[in-house]
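Below is one structure, written out as structure tokens, with a few remarks after it.
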Amino acid sequence: MAAEPVLEVRDLSKTFPSTGTVALSGVSLSLSAGEIHAVVGENGAGKSTLARILAGLDRPDSGRILVRGREVRFRRPRDAERLGIGMVPQQSLLAPGLSVAENVVLGHEPRLLGILLDRRRAYYETALASANFSFPLDPGSRISRLSPPERREAEIVRALARGGDVLILDEPTSILTESEAETLYGLLKRLRDAGASVILISHRVREVLSAADRITILRNGSVVDTILPAETDDCDLALRMASSASCFTADGPAESGGQAVFRFLGANFRDSERVTLRDLGFTVRRGEIYGIAALAGNGLGALEDLACGERICDSGAVELLGRNLVDWPRDELRASALSYLPTDRDGRGLCLGATILENLAARIGSPGDWSRRGRAARRAEAFRLLEDAGGRAPPDAPIDMLSGGNRQRVLCVRELGTFTPAVLAANPTQGLDPRAQEETWNRLRSRAREGAGILLLTSSVDELFSVADRVAVLYRGRLTELGIRTGSVTAEAVTRLLTGAAA
Amino acid sequence: MNPVRRSWIAAAAVLALFASCAKGPDDSSSRPAVPAAFKGVAVFVPGVVSGSPIYEMLAAGARRAAESVPGTTFRVVEAGFNQAEWLDKLAALAASGEFDLIVTSNPALPELCAKVAESYPAMRFFVADAYLPGNPAIHTVLYNQLEQGYIVGYLAGLITTSGLPGANRAKKAGMVIAQTYPTLDKLIRPGFEAGLKAVDPGISLEVRVVGNWYDANRSAELTSSLIDGGVDVILPIAGGAGQGVLSASKERGTYAVWFEGKGYGLAPGTILGCAVLDQERLVRERVGALLSGDKSLFGKADVVGASEGYIGFDPEGDAYKALPSELRSRFEKALTDLRTGSPAFRIDSL
Amino acid sequence: MNPMETLAAEALAIALPILLAALGGLFTEAAGILNVALEGLIVAGAFAFAVAAEGTGSLVLGVAAALACSAALALLAAAAADRLSANPFVAALAVNLLVAGAVGLASEHVFGTKGVVPLDGLLSPRVELGFLSGIPFLGPVLFRQRGISYLLAAACAIAAVAYSATPFGLRLRALGMKEGSLRIAGVDPRAVRYWAYAASGAACALAGIALARSIGAWVPNIASGRGWIALVVVYLGRKRPAGLLAAALGFGLLFALSNAAQSVLSVPPELVLALPYAATAAAALSGGARTRGRTDRG
Amino acid sequence: MKPGKEGRRPGFPGSGTALALGAALGAAALYILAAAEEPGAAFRAFFLSPFARPTVLANLIEQAAAPCLCALGTALVFRSGDFNLGGEGQAYAGGALSVLALLAAPSLPGPAGLAGGLAAGAFAGAFVALPSALSRRNLGADVLLSTFLVSQAVVLVLDWAIAGPLRDPASNLIATPVVEAAYRLPRLAPPSWLSFAPVLAAAAAVALDRFLRSSRRGLELTLFGRNPDFAVSMGFRVRAYAFWPLLASGALNGLAGALLALGANGRAVRGMTGGIGWNGISIALLAGNDPRLILPAALFFSWLETGSRQASILAGISVDVGTVAKALVLLFATARFLGTARRKGTA
């Protein structure tokens, strides 16, 4: 690459003070004119933070950003925009009720007579921008009527409409189907051919290999390497991304012949995020931990919703302990049959604003009891649970005061403190420190030994191999069962499946 | 530590503090049943004083009477238009212990006064514009509003049948009222109608209801629709909403007759005549008598009217003076006849 | 004018102030906040106008004072919500109560009365618009209105255009639909929200002025529920200016009919007033107001 | 904005309450200083005279009872994550039906009649709240809007009914006939209006507090209000929690209306509720929706009202001062200041 880089970052570091997480440490990267530069990494590798810094939405703690050789500082998104850098965020930020053109010109509206919105010019500008990239986009159509790839197009047009030539895309295909993703990559190539430069953030190895000109691999906030697609293949790339490249070859237990706890019978489900679960069929039995791994955007959330009974599948069935999940009374289900550690801890697992005790007491005690004695008994039980967990926080403090790890501890205490035959654990250790992680895993293991059937949904291969007895992988809504975790199932195989490296 | 408990303690402390500054119990109920004279006079206004001539006269009359007896506490208290709050406020006035004579004016008040009197036997009440005989704590005087209605009705009848520029051929007069209430239904409206018929039995009366005492825009719309229907003279009895009648009439060049005091100035050229109550004189006389120790009035309910001079007509308006002299002389003759008892309006009960 | 024309003309005159206040409500509604202070803002505007116009003898100063007063009150609610995290809904309710109390106090001190204050010469006269008023039906209905009604109609048009055809309106709507779309476009959503409140106050002030000028007087409680009806109009109009126009005209016609109906059959005015609430309540109850469907599962 | 969804609210807890109280009292004091002829006397009248006479104090306490019940209802619905803005109509309906029931009823022993009247009032309030509760539970419809609209319609219909078919033709007040004296609230300390209503309100406050803090259902309700997703995932009976609190709130408002009607007036007077629903909301907000603080807050409101009335009787200060003070309480009651204001700006 002889040309001067359009955009370059040197030694970028960022730590989030609230959680102490190191998101980026010493990241350097350069983007040449007219290239698609992919940044790949696992969840939590720091990709999105990098994107936000480049778009002016976050500020780095240290390091430099150079645009066309000149050092710059972004204070707000507009600063980046002025230098021709536009961003397409992972979550769509288009106003759904407005037209494409209106979204594109928002904040920079062309005016008529100084006060009116010049619709014709807005339309014209938008049409011109999309024609530049040969996008077949109608500026007049309303966002809510567009298909997901068309929305992505609209966001790209918005990002580059004001003469921008550097585009940052954060996981642009997470809500697209495979063929829609291909369409999008076609668009990106056209963009590149029109002279724009693209930073593409993704964890989908195959897609990246076919679309990118160069690839930078991030792992735990640091750059592992920057390579050309020709220098690697999908398996190699997937392994280099993985934070734990070692193979797990621990002996797995024999398949338990116990009673079926969770049972998916050809379940199909199309959720609002447009991930479609297709023909899921598997059984989780008593005494085992069944792990399903998937990266974001592959339907793990939808699977979680189905397994906890929050949603009902479109066809097929989900059974819990031999009874269709739909037929379970919800209170009975959660009181005596199912323990549930949701991915969305703060939204679904805990009640922020309530105290630690109240969160613990949410599963304790009988409804009819109004007496002070009943209340005292519930308090005592909650105290016991808290002490068991070695909690030292004041029980009457709002749960909001606790750190993420301690909140998860409270959740674990509540859900795993008493035995239930079924356990659903979705990303139970995400964001936890190793000690807390190990603690949670031990709880899951001991529940399984006691005879519970545990369904573990995770986006971490590490976790999958640390606790699951049987493993499976979900990619774009399809489940591949790998069977018992033994020497024959390696982390490599799983990672390849996860990233779509192997079909 | 506990914020709830702390605030309870604080509240208790404040209460105790206030209680300790407070005077000991000296409720009015513990005083002799019938006072020789009154130490405090309160005027209870079921509405607001300013802008309401009848209450302005009430306050002024009572003030003058009270001033004539040195040492009397005097206060005017406005209770607002929500009649649901009147009882509470009247009782609060009695409970304050500062007053022993309450002067007020409104047909609905005697029943409220009677209720308050049950709890505060020492309190005495004078209610003008109301009728309740037989309660030893209350003296009421009712205006013969049949006569008052008749006066404006007669003038309105003369106007609608006249050749005034704003009068049309249709023999129609109108009323715009806030809402119906007994005095209106039983006295004012029949009186007004009688006045109209006395001029010409062919005159018809159209009535519109605003629904409240303040929506002047709505009363203007109603007035407009009356005028479209051929009405050329309107009597508004609608409080603040009456302003809408005046605006609309003025705009359309039609006329209004006025019932609430000397109102020519509110809409010069539109208001052609004002029937007046001499409420100030009545209140001054009666309250004066009560203050000077006349206990015989309590329990009595009087009816006063044109012959005593409490109901009359205000001729001091340019618009009235500009009326054709033939019309005026007919009207003034009817006025004189009324004072001498022709026609005679009798009120047996309300 | 035949009765039909009279009825239509009256319906229009009744509808216009309600429509303008509703458009004011639309500004905040579009930005995501239902402004329940419309009633109070109308009263405040009318009162400020009465005080300033009567005191200075200048219509322009009167209008300026009304705009400033209502906009300031609306901004007070906005600031309480934004700066102090007060519940925006409750803050707006507080503004209504504040106006009710403060106008009473101020009226007593300024005018010496809590009652009616005739504003001499401020009655807006009827203006016939030349040959236009001669057009059959439309002429008498549209072009023989009060001067203030034409101004109101113009203000409504401006407000509708501001909502649907200006950058400001675009940002408002984007704010209500997705706040992030403004952020990524480099626009401060908070500033847009404040402007929405201010615009809503200004629209209500004009509606209040119109009410005062169409009777040429300040009357306590001059809005008499029109602000609440405007709120209902915002809701029924489904956030589209054309929808608001239809709903406001519908109410105008309803009230005009009820006025006219008093001559033939006595329809109690309270029941007529209850109709819009009942109709809107029916719509809200049947799930039309399904803004947060979250308890309908599980 | 959903009341319960604010989650982490920054700022010092209780700072809004302090600000609200300070602003209200400060404004009243300022006005008195500026407008009163004798500020000293006016101050005494406004701030102290409510406590100077047992009768006035007793009336103050009696007056706090009905708004206290309304506030308890508001707090209950608030705990379940929503706003009941229909207090006005629910209380009005409660007052009207309690009177109608007692006028129609055959002669009963006094206490039974009174109990029946109060029950009828509670029933009427709940009945007015029923459509909103049903549509919240079944359709997820907006409670804030529907309660308000239904209430407005009910108020207007009752205004008409009391002035029309239900009116006592013998009275010059626009009101229903008076119920038999035996059915009315017994007066414990004449000449004041003091009855057992404050005791009833206090009992309701204790019961609500007990329910919310000591019962399993109360805890579930609170957690549901704060985070419905959590409640669903915990398997709570969310349909019940979306329904019953609103109905109970309607009943409490109806009961408050019945207490008003069967108290001093003994009849339903047009406009009898006089903003009690809004007062209830202000009180609940001022008390931070904590049943233990609602009775003191109701007493505070009653004091403001009595104080402004006393100031008008004893010192000629306009009663509107009380209204302004209440408005300021409402304006700041939900505020949290001295913290970075971060919240979603949706109504």
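To keep things simple, chains are lettered A, B, C and D as they appear, and every chain counts its residues starting from 1.
Simple rule for what comes next: a residue touches a chain if its C-beta (ideal position, glycine included) is under 8 Å from a C-beta of that chain, and two chains touch if they have at least 3 such contacts.
Only a predicted model underlies this, so the values are computations on that prediction, with no experimental measurement involved.
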item: Pair joined by more contacting C-beta pairs (A-C or B-D); value: B-D
item: Chain whose mean Cα position lies farthest from chain D; value: A
item: For chain A paired with chain C, centre-to-centre distance based on mean C-alpha positions, whole Å; value: 46
item: Chain A-chain B separation of Cα centroids, rounded to whole Å; value: 75
item: Whole-Å separation of chain centres (CA-atom averages), chain B against chain D; value: 34
item: Between chain B and chain C, centroid-to-centroid distance (C-alpha), Å; value: 34
item: Touching two or more other chains - residue numbers and ranges from chain D; value: 6, 163, 229, 231-232, 235, 318
item: Where chain B touches two or more other chains, by residue; value: 78
item: Multi-partner residues of chain A (each touching 2 or more other chains); value: 310, 330
item: Touching chain combinations (by label order); value: A-C, A-D, B-C, B-D, C-D
item: Residues of chain D that touch chain A when the two form their complex; value: 4, 6-8, 210-211, 213-217, 219-220, 222-223, 226-227, 229-237
item: Contact footprint of chain C on chain A as seen in their complex; value: 76-78, 81, 87, 89, 91, 93-98, 102-103, 105-109, 111, 115-117, 119, 158, 310, 330
item: Residues on chain C engaged by chain A in the complex (per definition of touch); value: 161, 165-167, 169-171, 173-174, 177-178, 180-187, 297-298
item: Of all residues in chain C, those that touch chain D in their complex; value: 31-35, 76-77, 80-91, 93-98, 100-102, 104-105, 108-109, 179, 189, 193, 228, 232, 235, 268, 270-271, 273-274, 277-278, 280-281, 284-298
item: Residues on chain B engaged by chain C in the complex (per definition of touch); value: 48, 50-52, 78, 206, 208-212, 214-218, 220-222, 224-225, 228-229, 240-244, 246-248, 250-251, 266-267
